[in-house]
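Heads up, there are several structures right after this.
Two complexes come next, and they have one chain in common, chain A, joined by chain B in the first and chain C in the second.
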Partner chain A sequence: MAEKVLMKGNEAFAEAVIRGGCRFYFGYPITPQSEIPEFMARELKKRGGAFLQAESELGAINMTYGCAAAGGNVFISSSSPGISLMQEGMSFLCSAEVPCTILNVSRCGPGVGGIQPGQADYYQMTRGGGNGDYKIPTFAPANIQEAVDILYEAPMLADSIRNPVAVLADGMLGQMMEPVALPEQKKQYSPDEIAEYKPWALTGYNAKADKKRAVVKSLRLQPEALEEHVEKLFKKYRQLEKELVRYEAVDLDGADIVFVAFGTMSRLCKEAMEILADQGIKAGLIRPISIWPYPAEAFDKIDFGTTKVVISTELSMGQMIDDVRLAVNGRLPVRLIHRTGGMIPTSLEVVEKAKTILEESK
Partner chain B sequence: MTNKLFFAGAGGQGVLLMGQMTAYAAMAEDKPVTFLPSYGPEMRGGTSNCTVVVSDDKPVSCPLIYEADAVVVMNVPSLLKFESLVKPGGKLFINSSLIEQKTSRDDIEAIYVPTIELAEQLGNTRAANIVMFGAFMRSMNIMSMETCEHVLEKIFSGRKEKYLELNKKAFHIYEN
Partner chain C sequence: MTPVFTYTKGMTEVSTSYCPGCTHGIANRIIMETLDEMGKLGDAIGVGSIGCSVTAHQFMNVDMLESAHGRAPAVASGIRRAQPDKLIFTYQGDGDLASIGTAEIVHAAHRGEKFCVFFINNAIYGMTGGQMAPTTLIGQRTTTSPEGRTVEQAGRPIRISEMLATIDGAVYIERVALDSPAHVRAAKKAVRKAFAVQEQKLGFAMVEFLSTCPSNWGLSPSDSIKWLRENMIPYYPLGVFKEPEGLKND
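Moving on, here comes the complex of A and B:
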């Protein structure tokens, strides 16, 4: 394994995605992820790519659409309100089956909100803010190494499924530092190779052997044609629901309570579990890593003989709890522990609230 | 076993650097570690703090803390705000050059370090944070002093190499 380096989350994310093959970045600065455009501005030109600061997030996503349609390997990042502005474009990318890698280093809302970490973009990322029927596979890492590993594979995954792939981090993960092992640089494709590898792309200059014209579009005025197209997209999404599910399940056997938490909150839950264990209460954890597709199957592993309650633990007013309820499907009560607005509970606070909920559920 | 460490002071006092050097030293000894800075709309002269969690074996689960094994305070507002964070029996390192008062806690060990006076003896008051870092590392004994010296060599390299000798002396000057 590569030697470990101590890196700030945002810089590690940017380096990972470059090593994963991305060479084009279009962005607009926003806290708490501005180190990413700064890093890209410094690095991409040196590594045979291009950085461009767009006039707005709307500009950035549409530059992404154009560059990726031409076969470019594009990465785009922003934070919550910036992601909102990009979602129209994301719907277009999905419809046109144009791949790219998206990173949301989320802050708290609604509106411009604040710059502290939040998880209230769960709906935004899993339900989408763009119009129409579309899905974007989204992963929510809990530490910098996991984020690096996911972002390293994301560009190739996006290419292989011809769809954007997203990562939801939060301001804490972006700003903190942890030791991280960086993977090797992936192979870079020449324009000729891209023409072959992405036959659908607008690579121009008669590069294609069959000389067939490529068309990238999202406009389909004939209802029959559009229905057929959306059905085709969803055939792909149904397949991804089988292939992309990722989660971590910890200490579910014999648990009194099961926490469900992703990203930063899952780390607080892990410490809360240790404190609860010292007090004689067994707590388990389901940590979704893919938040779409949601790891509903993990909930079948809950020990229904011992577990009294499932607690969705979130830095929002409760968004993922909808998916938790669907996955639990009435088998147990589902409760919420939350803080919002950029406030993060201590693990002790989680412990106290969990104990109260357990008492009420007995 | 984890060590939960917290550093606080005014922006520009080298508080984040102390935390980062601690994290570098932990990594050099292959200890799992997290470094979490406070971030916000602050600028120079504002408040600054960071949390470092060092584990002996398993990965650090939670980079946020509700109590600390040790807290370093570099100015008065940080003492007032964060002395309560030290867990009973823990250590509080106080920059006594800028903080005249004593801690109000009697269930912790307070270590008073006259960082500026000691740095002055070396001819450069800007090494005050390294004086504190040395006092902190010697007392905590989580990573070896030798490892910390290697970290100093990394930090003070290239254009900053001319400050290395000064900072090594500053690192070792507090011996109580």
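Moving on, here comes the complex of A and C:
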């Protein structure tokens, strides 16, 4: 394992994704992730790639589409309102089966909202926002090392499934500093190698061994052809639902309460669990790491003999709670603890609310 | 026997989906013929757009992709980063380029992106059934300007070539028309020049084609040609708006 270094989240994310094979970045400044385009502007040219500041997030996602369709390994990052603008393009990338890595260092909404950390982009990231039937595997790390490890694997994962892969890291993770170990540089493909590594990519047909031309497209005006295409995409997505599920389950056996939380909020839940334990209340935690596909199977591990209530704990008005309800499937009451607008609860606040909910659930 | 005329390898042997008398087909063909004559079909990447030419990749025999409405110049800018040495072009209508895609075209020109833009100005939204475009002429009736476009309602038609010619990064800008054999020959020369600008990495190049839309203008193909000549050319003058010094053109 490499030596640990103290790094700011956003810079560690950028370094990890370069080491994971990314060579191109297109972006537009937005808090709380502007350190990422700044880092890419300094680094990518030195490391055999290119950085381009786009005229808008719409421009950025479409540059991503072009570059990735031409075989480039592209990373793109933004924060909530910028991600909204990119979602037309994300739908297009999924439809055309063009890979890329996307990072949302999320802030608060709705609208331009505020710049403090928030988790109210859960729907945005897991439900699309772009039009049509499509899915983007999305991971929600809880610390910088976990984010680094996921972002390191994301570019090659995206290439292998020919679909974007996303990471949702709230602004807290982007702005904090933690010690991280950075993995080794993976192989980056040169323009000359792309034609062989990605035979579907636009390289000019002379570059291809078979001299066949490539067409990357989304439009299918014949309903039969479009249905067939979408069914094909969903065959892939169903396979990913089996392969990409990731979560952490903590202290579920004998628990009175089970918290469900991702990202920053899961760290607060872990603190709250210790305080509750001191007071004689056993609390467990399900921490989804993949938020699509959602780790519904983790909920089968709940101790239904002892657990009285499942509490979705979120920095939003309650969005993931929909998936929690589906996964619990009526077996237990599901309640919400939340703050929003950039307000972060203390662990004591979580403890007090959890105790009230537990009393009400007995 | 030496053939005097052959089918260009630049076009696939598929019938185009354009309406009879539509000059999109001529524009497609002269671009592809030029790449064929340059021996560059296998080193070219085309960026289609949303409009009647969305299916152009079925006819243009090069590597190609479809892009979302208006975004072709951003897509081409991205391709350029991954493929520094290929010949890249976009093919865009006037709704696509002059309305929804103005940010992308202006900034691609401004950055001096090294690709060619082929801009088909038919003064209307063809594919969606004849709505007003930013290029629709004053008095011209469309389904969304049923009494004819007025300045009060929609301002004056936008002259894209003149506008882009004010941008430093845009080094070659020419407007041509597809209304006569002489003009078509001139248009092909302009296409060749635009590719030469790109090959010599001089900057952003655009050719604007004045083109017909008989179906949505409600005119026969020959009346459409006449309408283009009598109404479009006076408002959209033909010619070279900008050309780089030192352009070598064989």
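Convention: the second predicted complex is superposed on the first by the 360 of 362 C-alpha atoms of A that agree within 3 Å, B and C clash if a C-alpha of one lies under 4 Å from a C-alpha of the other, contacts with A are read in each partner's own complex, and residues count from 1 in each chain.
By definition in this document, a contact is a pair of C-beta atoms (placed from the backbone, for glycine too) under 8 Å apart; a residue touches a chain by one contact, two chains touch by 3 or more.
Since the structure is predicted, the reported quantities are computational estimates derived from the model, not experimental observations.
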Partner chain in contact with A:E352 - chain B first, chain C second, else both or neither: neither
Which superposed partner A:D303 touches (first chain B, second chain C, both, neither): neither
Touched partner set for A:D322, first chain B, second chain C, both or neither: neither
Which of chain B and chain C A:E43 touches, first, second, both or neither: neither
Chain A: partner with more touched residues, chain B or chain C: C
Partner chain in contact with A:D133 - chain B first, chain C second, else both or neither: neither
First, second, both or neither for A:E248, with chain B first and chain C second: neither
Contact residues of chain A, present in both the chain B and the chain C interface: none
Residue ranges of chain B in contact with chain A within the complex: 20, 23-24, 27, 32-37, 39-41, 59-66
Contacting residues of chain C [partner chain A, same complex]: 41-45, 47, 54-55, 57, 61-68, 71, 74-87, 103-104, 106-107
Contact set on chain A toward chain B in their complex: 4, 6, 31-32, 115-116, 143, 171-172, 175-179, 267-268, 270-271, 274, 344, 346-349
Of all residues in chain A, those that touch chain C in their complex: 24, 26, 50, 52, 54-56, 58-60, 62-72, 74, 88-89, 92, 96, 191, 194, 202-207, 211, 213-219
